[in-house]
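This report refers to the structure that appears directly beneath it.
Chain naming follows the written order as A, B, C and D, and within any one chain the residues start at number 1.
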Amino acid sequence: MIQLAELANPAAYQHPLDISFCTKEFLLYQLESMLIIRKSEDIISENFGTGVIKCPCHLGIGQEAIAVGISTQLRKTDRVFGAHRSHAHYLALNRNSFGLFAETLGKYAGSSHGMGGSMHIIDRKNGFWGSVPIVGATVPIATGAALAAKMDGNGDIAVSYFGDGATEEGGVQESFNLAASMKLPVLFICENNLFASHLHIDLRQPTDATIRYAEAHRIKCELVDGNDVIEVSKATERAVEYIRSGFGPYYIEMVTYRWKGHVGNRDDIDVGVQRKDNLLKWKQRDPIRRLTEAMIQQHLLSSEELEILNDKIQSKLNDDWNKALDAEYPKSEALLSLVYA
Amino acid sequence: MKISYAQGILDAHRYLLANYSEVFVIGQGLWSPWYVGATMTNLDIDFGKDRIIDTPVSELATTGAAVGAAIGGYRPIIVHPRMDFMVLAIDQIVTQAAKWRHMFGGESSAPITVRAIINRGGEQGAQHSQALHSWFAHIPGLRVVMPATAKDARDLLIASVLSNDPVMYIDDRWLYEQEQEVEPIIELNLADEGPKILREGNDFTLVGASYTTKLCLDAAIILSEIGISVEVVDLRVLNPLNYEKIIASVQKTGNLCVVDGSWRNCGLAGEVIAGVMECISLSDLKSAPARITLPDAPAPTSKVLEAVYYTKVEDIVSKVQSILNQ
Amino acid sequence: MKISYAQGILDAHRYLLANYSEVFVIGQGLWSPWYVGATMTNLDIDFGKDRIIDTPVSELATTGAAVGAAIGGYRPIIVHPRMDFMVLAIDQIVTQAAKWRHMFGGESSAPITVRAIINRGGEQGAQHSQALHSWFAHIPGLRVVMPATAKDARDLLIASVLSNDPVMYIDDRWLYEQEQEVEPIIELNLADEGPKILREGNDFTLVGASYTTKLCLDAAIILSEIGISVEVVDLRVLNPLNYEKIIASVQKTGNLCVVDGSWRNCGLAGEVIAGVMECISLSDLKSAPARITLPDAPAPTSKVLEAVYYTKVEDIVSKVQSILNQ
Amino acid sequence: MIQLAELANPAAYQHPLDISFCTKEFLLYQLESMLIIRKSEDIISENFGTGVIKCPCHLGIGQEAIAVGISTQLRKTDRVFGAHRSHAHYLALNRNSFGLFAETLGKYAGSSHGMGGSMHIIDRKNGFWGSVPIVGATVPIATGAALAAKMDGNGDIAVSYFGDGATEEGGVQESFNLAASMKLPVLFICENNLFASHLHIDLRQPTDATIRYAEAHRIKCELVDGNDVIEVSKATERAVEYIRSGFGPYYIEMVTYRWKGHVGNRDDIDVGVQRKDNLLKWKQRDPIRRLTEAMIQQHLLSSEELEILNDKIQSKLNDDWNKALDAEYPKSEALLSLVYA
């Protein structure tokens, strides 16, 4: 009987990452990506709090390692789909914080030209094929994009990010069967953060590890510490190779935790099972801290270098944010001109 | 006693749960402090988590479970905190519950109440904005209720749950803060309820439902100030739709505009016009009937586009003026 | 060359599959000798099971897969052998595909063709009889096509698949045997297609879609024998709906009856009436516009009730007569 | 990795049943029920073929042991739901062939007063709460009826019959999770006849045993030879005891085969994987023959008694059919008067 067991224990897995056999360049890239995402979401969180950003924002702070570890294993022609909590999925592929900021502000310069907001972001050029907030909706769509990739025959794959809650949607289970029975090149990534909005998984499912569904559907699968960017990256490498070789779908369950509430900038510590206690412990399992500590221990990074890096990223993001604030809104023609091609 | 629309919904729940042991509530977010506004506050604490059931993210199965429980003698309210999510459960509502009694020759029926919440604006975008009441009004066997006032929010929810038929009860979060003076609860028979004149007038008939009724009432006030006397009909029950009062009003005023909060094609506004046209004589009309609906587009997010997209009181005022000035 | 409606659909498939490598077909029953009548005979053999994909019993995921493939540059036709089954997949059609382009600011679109088959009668009963075209016509972003003739069955399917927008193409099994003389295929731009006058007349305008167009044509013949000259408008494209020809016809005849094959409330027939009323002046009308639809009931099974339930040519004939004799 | 293995092999399991420890009375009752069902469906098949019956009929000939073995373990207050192929489910509970015949003919005396036909039959008094032809639709409904039973607190259970194809419907998977996480008293019966209309399960799922879904949803489950009425009955007894004791749902997969085509009276040997060869073998695995042979071997039944029994049932059914033919059609008021209560 599969269970998350220790992987769901916030007091476990707090140790610095094992970064042996990783190049400094690779590690720095991962670190930078995670910092860009973390700081971008911090800016969004703050401006949501003050009411400058109006659209609903689902922040993934604490979950950055997953998108970052995965994205380094993909190529531009792969097709990645997100859901409601997809800032990281997008930024890990393109680092385009400006496009994200402008979109959350409803500006024409945004990723969806202001037509989508935080919950509908896209960047086809960089492999991000779209995210939407209907839970589970992109899972069959990613499965179809995999079917298209298979027909194209170039070895491209589809990636479908979804949450533990999404596995309760029937259409998601149907997609698993479709992918398995048609051997489609799709990587299913379940970001299991133990919650679907206010409800802990124990209140929604008889047990906490969703890879049991993958097993039932005969999809090759793994269970991974989602706060370990190195493990995420290695598992993805294995999965991508398997899928590109034509063996069919692959499912990785990434165990993680979101630091913010379900939507917006609050902590939601009034909500759900033991969230108040666990949140503090999960913050110790911070994927960024675990990587930086390992790098510092291994003398691949100094505290000063880290500070410089932080500052550089922060100031670039501040610029992006200010540019986004200054950007134009869409013209009112957009309302009707975009309905049909 | 003055209550808000949200309070009306809460009071209805309390009344039903206290007086009818066969009533329970099931849906997503019911144990959450924020999911359904102030319409269900503390129900789980006061009536127990066995009767206020929060669920997995499974719209189809939870709605089907409500259907099964209704068949088994209960009176479940299945809550969809957003109508867009309910789209996944339409088979159970339309193909199962609404037809259950007819297709089994009256041997069984499925008197669920589906609570579908219209929740939009605030840059939520295309997938978190739909108002699909016209779809459900299209379905024989499914009663469709859309309260516009706090009293109706309360009394029609009670009537929906006590009805022996499946009912879709649609509330709109834009109305939650609306207040109204109410009397103590009296149980109504839903089958007797229908459109109501909320304001009398002689020059023009405005027909609305739910939030657009409020818009019509506000427009009527402005128009009265420039000497136009507007009668406002609140539809309240969309299916089966009783045209009597609307027809009588149009026969009196000779002018009709229907204001609906959703799309035009095959929508509620067109239905009211057609229903009226079938029953009046052309000579009753002083002007061709008109409608105001959303533009033919999905909901945008950007606030500059939301401002263009949603109908405003002024849109109604100027439509009425332009018709009368023709 | 004379072809049947079913043959028209088959020919369209063959044309598309032969000329466009990005076209494939996915759905339930595609490898079966009986599932979709004679509309797909041997396609799996001639074009291969990789392009004619039969699926598990999973309407939602297979439709979503078509959406994903369309986003990825393909032109899938997703077949639902019965519109009732498609209800399980509405989220993907209405909330995903129809909004995809708009909500991503034009950066991506999902030009699927959903083939929804109306399949009823023969005592199949309430769950195997629904004609929900009015629902889909309500949705901005989704083109809705309903051919009435063999030529349209062929040409509009091709136009649907070649359209850069998501399209719902609805065919009716009651029309499969209808025959028509046709020319060789010419590709049409769906955006240019709309209602068509199938028969000219001066006294009365009948509007139909799909099977009801055939009923209207048959009624027109009978009425012509008693000296009533009927113009028949075939809607063809329900969304976006172009009223021009209908309005011109009503302005000519002064009399209108819309005949729709589904329910009344918030349905297509009311829409056409409302759309006409908005655009004409009252003096254009000689009689109040009328509609003929199904009774407000789910489909029955027993043949004696089916005989009462479905609209017949005589119902149209007598409606027209009674309006003209008023 | 669970698979049907030998259970799906038509050449296996042809032996007479093991009827030790069964009373003669019990065996005779089972036999009678199966014969009533078989012969009722034969009459329906014949009259469908000649066009006297018009409504679509999905015959379950060959699958009789399942409904019969289950129904003897239920009580009148349990709530059983079927689907499109439910003649046996209904008859095993009430032996009311007249009600079924009249319904298939669209007569007022039918189970649904002629409003449903073969695909919508019901008999609340005898625990049959309804069957409908939308695949998978009754599974969540049965789950809800189980919720109602749990609230009633009388120990009643719900039974949900569905096919292997139905497990591909997302709503069915959602129901498994709902039943498991709420511990609802529902018995899921998958009649795995290897086909969903024309498609063999190997073309629709990565493997053929559907109890793997029950395992994923942590529902207690068993795999049973569905053509062995004794094994069906024993498994059901275990399941019903477990469910009535409040332990939650139970899933039994009954492996079987339908002799007729998907719908109507033809054999469909032109359809699907190896159906032509397998059908003949499966007819050797006839649940009725296997029981009668065992009873004859054990001297609980003689060939003459069997013949008399056959004749008695046949003549009763012929009477029922003739009565149904003579019965009245519903009045046309029924069309509108039944829409609302």
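The rule is simple: a residue touches a chain if its C-beta (ideal position, glycine included) is under 8 Å from a C-beta of that chain, and two chains touch if they have at least 3 such contacts.
Given the structure is predicted, the values throughout are model-derived calculations rather than measurements.
**Q** Between A-B and A-C, which chain pair is linked by more C-beta pairs in contact?
**A** Of A-B and A-C, more C-beta pairs in contact link A-C.
**Q** Taking each chain's centre as the mean of its C-alpha atoms, give the chain farthest from chain C.
**A** The chain farthest from chain C, judged by C-alpha centres, is A.
**Q** Counting in whole Å, what is the centre-to-centre distance of chain A and chain D, each centre being its mean C-alpha position?
**A** Averaging C-alpha atoms per chain gives centres 46 Å apart.
**Q** Nearest whole angstrom, what separates the Cα centre of chain A from the Cα centre of chain B?
**A** So the centre of chain A lies 38 Å away from the centre of chain B.
**Q** Counting in whole Å, what is the centre-to-centre distance of chain A and chain C, each centre being its mean C-alpha position?
**A** One centre to the other, that is 42 Å.
**Q** With chain centres taken as the means of their Cα atoms, state the distance from chain B to chain C in Å.
**A** Roughly 29 Å separates the two chain centres.
**Q** Scan chain D for residues touching two or more other chains and write them down.
**A** Residue numbers touching two or more other chains: 114-116, 120, 132, 134, 168-171, 174, 177, 181, 203-205, 330, 334, 338-339.
**Q** Give me the residues of chain C that touch two or more other chains.
**A** Residues 55-56, 58, 60-61, 84, 88, 91, 95, 102-103, 125-127, 140-141, 240, 295-298, 300-301.
**Q** Show which residues of chain C lie in contact with chain D when the two form their complex.
**A** 28-29, 31-35, 54-61, 84-85, 88, 122-128, 295-298, 300-305, 308-309
**Q** Considering the complex alone, what residue numbers of chain D touch chain B?
**A** The contact residues of chain D facing chain B are 79, 81, 110-116, 120, 122, 124, 129-130, 132, 134, 137, 139-149, 151-152, 158, 170-171, 174-175, 177-178, 181-182, 330, 334, 338-341.
**Q** List the residues on chain D that touch chain C in their complex, please.
**A** 54-56, 106-107, 114-117, 119-120, 132-136, 165-166, 168-171, 196-199, 203-205, 270-271, 329-330, 332, 334-336, 338-339
**Q** So in the complex, which bits of chain C are touching chain A?
**A** 24, 50, 53, 55-56, 58, 60-74, 76, 91-92, 95-96, 100-109, 111, 140-141, 143, 163-165, 191, 240
**Q** Using the touch definition up top, name the residues of chain D that touch chain A in the complex.
**A** Answer in residue numbers: 1, 168-174, 177, 180-181, 203-207, 212-213, 215-218.
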